[in-house]
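These notes open a run of structures that come right after.
Here chain A shows up in two complexes: once beside chain B, once beside chain C.
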Partner chain A sequence: MKTVLNEQSRRNFVAQVESMLHDKLSKCYQCGKCSAGCPVNFEMDYTPNQIIKMTELGMEDTVLNSKTIWLCVSCNTCSTRCPKGFEVTGIMDVLREIAERKGITSKTEKEVQMFHEVFLENVKSHGRIFELELVGKYKLKTKHLFRDMFLAPKMLEKGKLKMHGETISNLNQIAKIFKDFE
Partner chain B sequence: MKLAYYPGCSLKGTSFEYEVSLLKILEAMDIEVKEIPDWNCCGASAAHSINHNLSIALPARNLAIAEKDGFESVLAPCAACSNRLKNADYELKRDDILKKKITNSLEMPYDSQMSINNMLEFLIGVVGKDKIKSMVKKPLTGLKAASYYGCLLVRPPKVMQFDDPENPVTMDELVSLTGAEPVDYSYKTECCGAINSLSKPDVVMALTGKVLYDAKNHGADVVVVACPLCHSNLDVRQKEIERKYEEKIGLPVLFITELLGLSFGITPKDLAIDGHMVAADRVLKKIEELSK
Partner chain C sequence: MSRIGVFVCWCGSNIASTVDVEKVREEAAKIPGVVSAVDYKYMCSDPGQNSLRNVIKEKNLTGVVLAACSPHMHENTFRKAAVKEGLNPYFVEIANIREQVSWVHEDKERATAKAVDLMKMMVEKVKRDKPIEDVRVPLNKKALVIGGGISGIQAALDIANGGVEVILVEKEPSIGGRMIQLDETFPTLDCSSCIMTPKMVEANQHPNIKLYTYSEIEDVSGYIGNFKVKIKKKARSVVEKDCTGCGECWNACPMHKNVKSEFNLNLSERTAIYVPFPQAVPLVPVLDRSVCLHFKKGGKCQKCFDACGPKCIDFSMQDEIIEETVGAIVAATGYDLMETSMYGEYGYGKYKDVVSGLQFERLLSASGPTEGVIKRPSDGKTPQTIVFVQCVGSRDPEKGVPYCSKVCCMYTAKHAKLFAHKVHGSQSYVFYIDIRSTSKGYEEFVRGTMEQDGAVYLRGRVSKIYEDNGKLIVKGADTLSGNQVEIAADMVVLATGVIPKKGSDKLAQMLGISYDKYGFLTESHPKLRPAESSTAGIYLAGMAQGPRDIPESVVSGSAAASKILGLFSKSEYEVEGTISSVNEATCVACFYCQRVCAYNAITRKEIKDRSGNVVKVVASVNPGLCTGCGACVNACFSKSIDVKGFMDDQIYAEIKSLAV
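Here is the complex of A and B:
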């Protein structure tokens, strides 16, 4: 692991994260309470408190390419329990957003990342989610065509899968929101 | 007071049972809500995961439309939607620069005066326990119900401002009002895996398995939820969880609106209980027998 870092790039990265986070990384005193309560810690390569420290140390490549940032399901257990009130869940959002902006595709968790992307494309196209189209496009993109397909017949029978989606009338406004903030 | 209703996408699709049962019990209680005209998706977990500003702007449009139409209060039955609407409201109150950008983009003002209610807040706070109690015609005495809150109703507490984040009781109180017995178990606020249902099914099943087996081991006949994502992960994937862990669960998962509806004497069919993947027949039969 590369641990010798350039001080200026470390400062730049910390400043970027802190300004997006509206919080200070130095608040964290590494008690590990966030990681102890994390429901998905068993799948992560770095625990949440390690991610915070590595961000503070400027280990940009490591955190942006970690499995952890994509495995976090934003359940907010960590932030709720943090004795310092640090935005632990928030830092995962910030790091994912930086990774996304830099065009970094997760090597190990690309399905999670793709799901978010396909989801937002669906919102952009209709203003609302059309579930069948969302699932179809996600499957095409990830090439997991048959996973979960055994659920489809019963879901159709139960009326859970609608064949037509709804599109909002003022789709121009949604297009404008995406143009201004994407 | 004019009450706005923000259904969100799930209630129009995979969790249609939630909307059907909600509208039924509101009709029974003579409470009128009006759907926010031309509402859009709140962006759910995807937006905040990769684009903060978008995750505020999308729900903000719904809040601004509701405000423009003269509403002061909005009901968002989906826990994820209510969470995102509250988050947007919170951010718009604390970040003036972002608020200006968003209201400019929407070409609509937003005053941040909207009261945003999740399903449980609405039932306890707006409808009131007395009203609900007066509606119970067919008490579910003897039925054991495990309330599952998940994450988004209670966390993060500084934004949600609702119940106790580690040991919430609101849904248990509603369960008691129906005459059913709330089950005390350990996983009521543990995460179900939420949005990763399709992308990380094994992780989701590990999480939901814990919830379901623990509820069952504490004697639950049924699990009660107030979130379409929780419902989907506990109900749609339950058969698969049973196969994975080689142990039968067979726990029907009902929305709180369905449990209330049953106690009001509304038929299971009218509450769309037959829309769930795990059949609730055994529980419905037990309710019938208990009421005799």
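Here is the complex of A and C:
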């Protein structure tokens, strides 16, 4: 792939990512330890360290349309092990959010992106997860109404699916987190 | 009758695991003349040496054979032990049964047989050994330092401060070398001239240092302790002792265009009579006769002469040959930057704004052509985006050299840093293959360039640079993300590789020291004798030996100096006695030996009768130069030369011992 570096747009993109990330991209020295330990690396189109480098080079389209940012499961193995203390998991979050704001729909990971949206909406309105609502909205969005239905009775039996969702008492603090990120 | 002692060393398991040391000892005991044969676990240990001494004393030995490790290791140890018991050191012989037997063979039986053979040969040799005295060479306690860069100056100062006279010879009009061309130095960013000029001034004013600038070495002969050196002091056309360095002459010179300044690497112009830079030491101009109108137009122009107050300009000055005798020499000839003309794809020389690392250094420097304001050569505008390309010529076995130039990673990081400091809001990109930043504070320095000063590093080489619409388009790769990258830059700086100073090979030939295939001077031993050349009395320092940075150059200068001060701390220099000697009765004076001697150690000697008539001419060996290599022995038709300790009868006896 050929990339023509445009100084201004590169700087703008780097500045946007860094301000949301509260970390500096130049910190990364490309050792690859994040990619070495990533449990979903085998499914990714770009390794986590490549995502960081490409972000630093201002390759906005490539990173925002990558599979990697949606396949990251935010397990934090990378950030925990990073020798430079770089927010590797954080950059995936930031790039997902930028993609969302730009209205970019992932071509390959549509359902992951839908789940991401429903999940965050759920957290925003309750301060925690209300599983039944999450499942319902996800199914409506993906239109896979009956998929995994046989798991429901078992989950009900074990108390994993509650009929009534709980909302935390200080919901305004959750609202503040969301607001800060914008 | 010989009374020989044989000592077989186990070297722990190093020898004993592959050689049956007891068998070797038993075989030794059977040889006529051997009065004692022992084996011991570590002969080099204190108890081992003591047992050697005890046997010499008790059995009144006339010779000792050690079947042990290479003589390179412990010959000296055992010789010293023998000397303590009154034996001549050359009555100790070593059969190398470690490096030449146990370490290279697996079959114990055959290895043991070989060890026995080697031991037998040495017994026959030692039986025929004659006492040899070491040769003493007188020392002229004066040193010559060739090259007035940082390592040469450091060597000269250290030697001079040790109370020894030094002659410092520099080819250029001023001392200072490459370091004085630099702006700031990594990783501390102290200004190069601020730390260099005090050393230059000290070297110039030191009572023990005689400084010859604008001078070259014309010829070197002789040997350690007694080198005869011819120095050519080129005609400066200015009388040094009268010149005040006021500058009237170069201000008056009409030739202020079209002559490029060598010091500023062609980025500015200079006059025909000039000092290379304002802090030059000595601050005495040089008149460049190849461009001076006085010399080109038959003496018409003499504006500098008219302007000169003390009238110290002398158009008739001639080159002068100065002869000096010194005891030791330091070769600190320094380096050049590689030409990059073989990289047509980078456009160096074609595009004015593609410059070398050293040129960028001059653009940064306050004494440089732009007075420290970064302006690009083409139109004088301040660049906003600079692309730095590392490893240009280095690590490129196809077009350049395979070695790493060592300093480019650091100076490029420094350039990017200084660029960020001087031009706010600017951006630099650095193409690199690896970043080598291994000394104290270096890694932190490079990371700082990236993290604090915002330089973007791309791992990959640049393929092509071309001009488009006033910009230099750099096509490279970022191998980390696997992308081709194209950057539009205002300026490109090539980190060109380091090569030995032009002409240093000729000087090496003159000095009789070796150099590698690139032309870097080679050390006597790369690890254990890094300051010594292959020739006794000649020492090495600085980049002449290979790429190194300023601290390492300073260290090497000091190392050479300490070696010389150590050498001069004795009244005479001792040379091993195993050198050639001529049988004057049989020598026919064909001087074939002289032709094969690599060390110029053979001279003509005239034998005279009582009334002073020459009755015979024979070859004679200079003990200061002879290394005992034996080339002359092979060449001698009349069998008149032998190397002491390796006489023909000894060699034949060794061979005969195998035949039995």
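As a working rule, the second predicted complex is superposed on the first by the 140 of 182 C-alpha atoms of A that agree within 3 Å, B and C clash if a C-alpha of one lies under 4 Å from a C-alpha of the other, contacts with A are read in each partner's own complex, and residues count from 1 in each chain.
Heads up, the rule we're going with is that a contact is a pair of C-beta atoms (placed from the backbone, for glycine too) under 8 Å apart; a residue touches a chain by one contact, two chains touch by 3 or more.
Everything numeric in this text was worked out from a predicted model, so none of it was measured.
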By the touch definition at the top of the document, which applies to A:147: first (chain B), second (chain C), both, or neither?
first
Which partner, once the models are overlaid, touches more of chain A's residues, chain C or chain B?
B
Please work out whether A:103 is in contact with chain B alone, chain C alone, both, or neither, and reply first, second, both or neither.
neither
So in the superposed three-chain picture, is A:49 touching just chain B, just chain C, both, or none of them (first/second/both/neither)?
second
Check the residue A:176 against both partner chains and state whether it touches chain B (first), chain C (second), both, or neither.
first
Contacting residues of chain B [partner chain A, same complex]
9-10, 12-16, 38-41, 43-54, 57-58, 61, 94-95, 101, 105-106, 151, 155-157, 165-166, 189-191, 193-196, 198-201, 203, 206-207, 236, 274-277
In the complex with chain C, residue positions of chain A that touch it
1-5, 7, 11, 24, 26-27, 29-30, 46, 49-50, 53-54, 56-57, 59
Residue positions on chain C within touch of chain A in the complex are 385, 427, 429, 447, 450-451, 454, 456, 458-459, 478, 480-488
Residue ranges of chain A touching chain B (in the complex, touch as defined)
20, 22, 39-40, 42-43, 71, 73-77, 79-80, 89, 93-94, 96-97, 100, 109, 111-117, 119-120, 123, 127-129, 131, 135, 138, 142, 147-148, 151, 154-155, 158-162, 166, 168-170, 173-174, 176-178, 180-182
